[in-house]
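Multiple structures are listed underneath, in structure tokens.
Shared between the two complexes below is subunit A, which has subunit B as its partner in the first and subunit C in the second.
Showing the complex of A and B:
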């Protein structure tokens, strides 16, 4: 499972939508249910899945899935 | 941090219409208007500050800006009501670190805020979804220091 697929699984579980498809361009602008509360829970789920802790700057800089992928690649 | 120098600065209320909400707060509780309606394009919000006579904090009325606004969803989901608490801190960096260490999630900042004359603010959210704002202390309007100065702000009409 590549990082995008792993993120998609996390998004699908949080939003309770098994058919949800995300890509690097996915953001609150095109996924309206991605609000601040969702961001908090998604970040916590990613931290648990990858056994890492985001930095403050990393979280504040998350505006789309591509931002998450960049962070995960840097941490790999 | 040496101690925890968080002081309540304001309570943020999410409203649909700032003028209508102002009229309500003034008539119901005797709040005084302490700022014009301020457009904040970064927060995609319009805000206005009110304060009770001799009050030591403000009430901030927050409404979505026309068009695209991050707050439109919150208003649609939760309606009007309590939106956030804001604390004034001497230095925003250490205060952010303190909240972060306590597992609050930083959503934005520190960023200069038009509503506070460029003083930096930051936003945090806990797991329950409650929002906390931090604003760095300073001098001038809408600072806690201004409330204890010998020349307090005159309420605006």
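Showing the complex of A and C:
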């Protein structure tokens, strides 16, 4: 799976919606269930899937899926 | 080189790693038919693949736009039978059915996967819950969710389960036998915590409603009598605190004073709450922080912060008894979890989340245990498997000399450790039982003849060694012991048996102990099933009582008439007003008696003390002894004066332990009540029967005693009246009154 597909699997699992489709532009603005609690869960799930720890600054800078992809690329 | 498709066809399971297979799939897929054929081959090659592998395949199919392609759907459907021969295929099939809008078909496939019962597949439980709910099968969804909630301590997984619970709220509430209103006071973030606590209680059949004052307002909530917190009228108040609020410097000049001041402030909060509502208070104690700039000195010197925290905890235990508050041993939970990982500095600084999210399940487990104990729902029976659970090996195959128990074998030592632990549980009143697939003689042999065994046959109140399925055996056991299955814990090394029992008897607690005996004790201990708030003398005698029941049963069969039987029992009933000595046992009975219980009012300690303080109330306990043993305190009657008519007693509670049913003790209790009422000038007794799913046994209780049925309540509760002048005492001649 490419990083976006992998993120999509994580989002689907957390939002319990197997048909959810996300793209780099997906953000709390167009995915209303994405609140601050959801972000905590998603960050934890990504950390587990990729076996890494986000820094606090990285977490603070996450506003959309593209931000996540940038971090994952930088960490690869 | 062969075409990728041929490569897949000619390979055997184990030949290709998942990466290689995915690469090949990538080469040969894309067209509807070819993709389906490749999937069939992949299922054959990777029958038990991880979820991630399956997800990667589905993601590929999606990227080829196949999911909505009718040709792909048709070829997939045509190959479904072949695909579903493997776990991987079942999972793919379930996922596809779900996307193609067929939740019933998806549920069927997930259920087949679930039947395997392998813990690594546990995550399909949440998929199953989702499709059951989509298909409107809410009760099954709730039951599956309950199983999902008990299979892991993984924060992410449990949080997802907790979200599903909220979506099922209306139905989940209905399947719970109890509800409880919980007020949670915590100065920091509770967003991640509360859902998990709700889930943990749901697992126990308790529906929790929460009142959690907004971040940073917990002081106001306690101090303002008009706060929404008190308006909510919580039955349980959790005072969650951490070492930070103690505000202790690394060194306290006067450590005794420092500790005393902190305790005083806490006790003041308890008093304020107790003065306003009759709630059970659960106070967290304080964790000795992992970080201390003074290191070793923090504990070595009395002035050190760690020393003072310990002092405060010591004082808390003492004060909690005086003020009837329950302590949650937060320090112990944090230590057991591991203090270095207990806190996550990032989560703390950015979200005021403490402890770390991954530690929350452990904390919640501790809180559930305390709440469960407070409601009188502590587990009573531990049912044990034999082969590879109580001893290593299989007695029917390995023979008496072949099984491992005790040294020198390390495995044998692990099994012995479990026997010792369980033996200690029995000493404090937990009933032990055996449920094993074995020939009975084989199963008994080690207890009789193996020197390494710690447990003996008479440690068990029930012994089922046969070839029937375990759920049937457990049901029979519950009938024989006259106890609800919801008070059972089932310990078995076989994942299949565990899954079977979980599915058939969702009310039985089935811990995932794995199959490594080294971990059995630790896992069982971590669950806190038998964690009680107090210990009564009856607890210590319980196992003996149940064993003697069997002898009593034998005498009943041999005695000619019921009268002969009752006479032969030589019963003596001591009774008297409820006081501090018997209070723990009375609370226990109020909390857990289900069958012989007219009103099932679950008074907590605070409520009961209010009634006891009323001089016009009559609160009476009954103990029953017979020639076999002391049954202990087994009956309670609570009569309170009617608000409108002081010469009328409302029978607030009348209950009797099920182990003494059929001994005419209820008649004896009635006679005592009638006499007391007359001597106090009471003219009328008002009885109330509140039907529950378990108390039909006492439906006719009041009529049998001569009460007249009056107009009932719209909610189904029935009222009965007796004028004391017309009341006639009932036969109870075989019970001696020592007074």
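Quick notes
Heads up, the rule we're going with is that the second predicted complex is superposed on the first by the 76 of 76 C-alpha atoms of A that agree within 3 Å, B and C clash if a C-alpha of one lies under 4 Å from a C-alpha of the other, contacts with A are read in each partner's own complex, and residues count from 1 in each chain.
Just so we're on the same page, a residue touches a chain if its C-beta (ideal position, glycine included) is under 8 Å from a C-beta of that chain, and two chains touch if they have at least 3 such contacts.
Quick caveat: nothing in here was measured; it's all calculated off a predicted structure.
When both complexes are superposed on subunit A, subunit B and subunit C end up clashing with one another.
When the two complexes are overlaid on their common chain A, residue A:5 makes contact with subunit C while staying clear of subunit B.
Looking at the shared chain after the overlay, A:14 reaches subunit C, while subunit B stays out of its contact range.
When both complexes are overlaid on chain A, the residue A:70 reaches neither subunit B nor subunit C.
When the shared chain is aligned, subunit C comes close enough to touch A:45, but subunit B does not. In the superposition on chain A, no contact is made by A:31 with either subunit B or subunit C. Of the residues of subunit A, those at positions 36-37, 40-41, 44, 56, 59-60 touch subunit B in one of the two structures and subunit C in the other. Interface residues of subunit A, counted against subunit C in their complex, comprise 1, 5, 8-9, 13-14, 16, 18-19, 36-37, 40-41, 44-45, 48, 53-56, 59-60.
Residue ranges of subunit B in contact with subunit A, taken from their complex: 70, 73-74, 77, 96-97, 100, 105-109, 125-127, 129, 131.
Chain contact summary for the complex, subunit A toward subunit B: residues 28, 32, 35-37, 39-41, 43-44, 56, 59-60.
Residues of subunit C that touch subunit A in their complex: 55-56, 59, 63, 95, 98-99, 126, 130, 155-156, 159-160, 163-164, 191-192, 346-347, 349-351, 353, 357-358.
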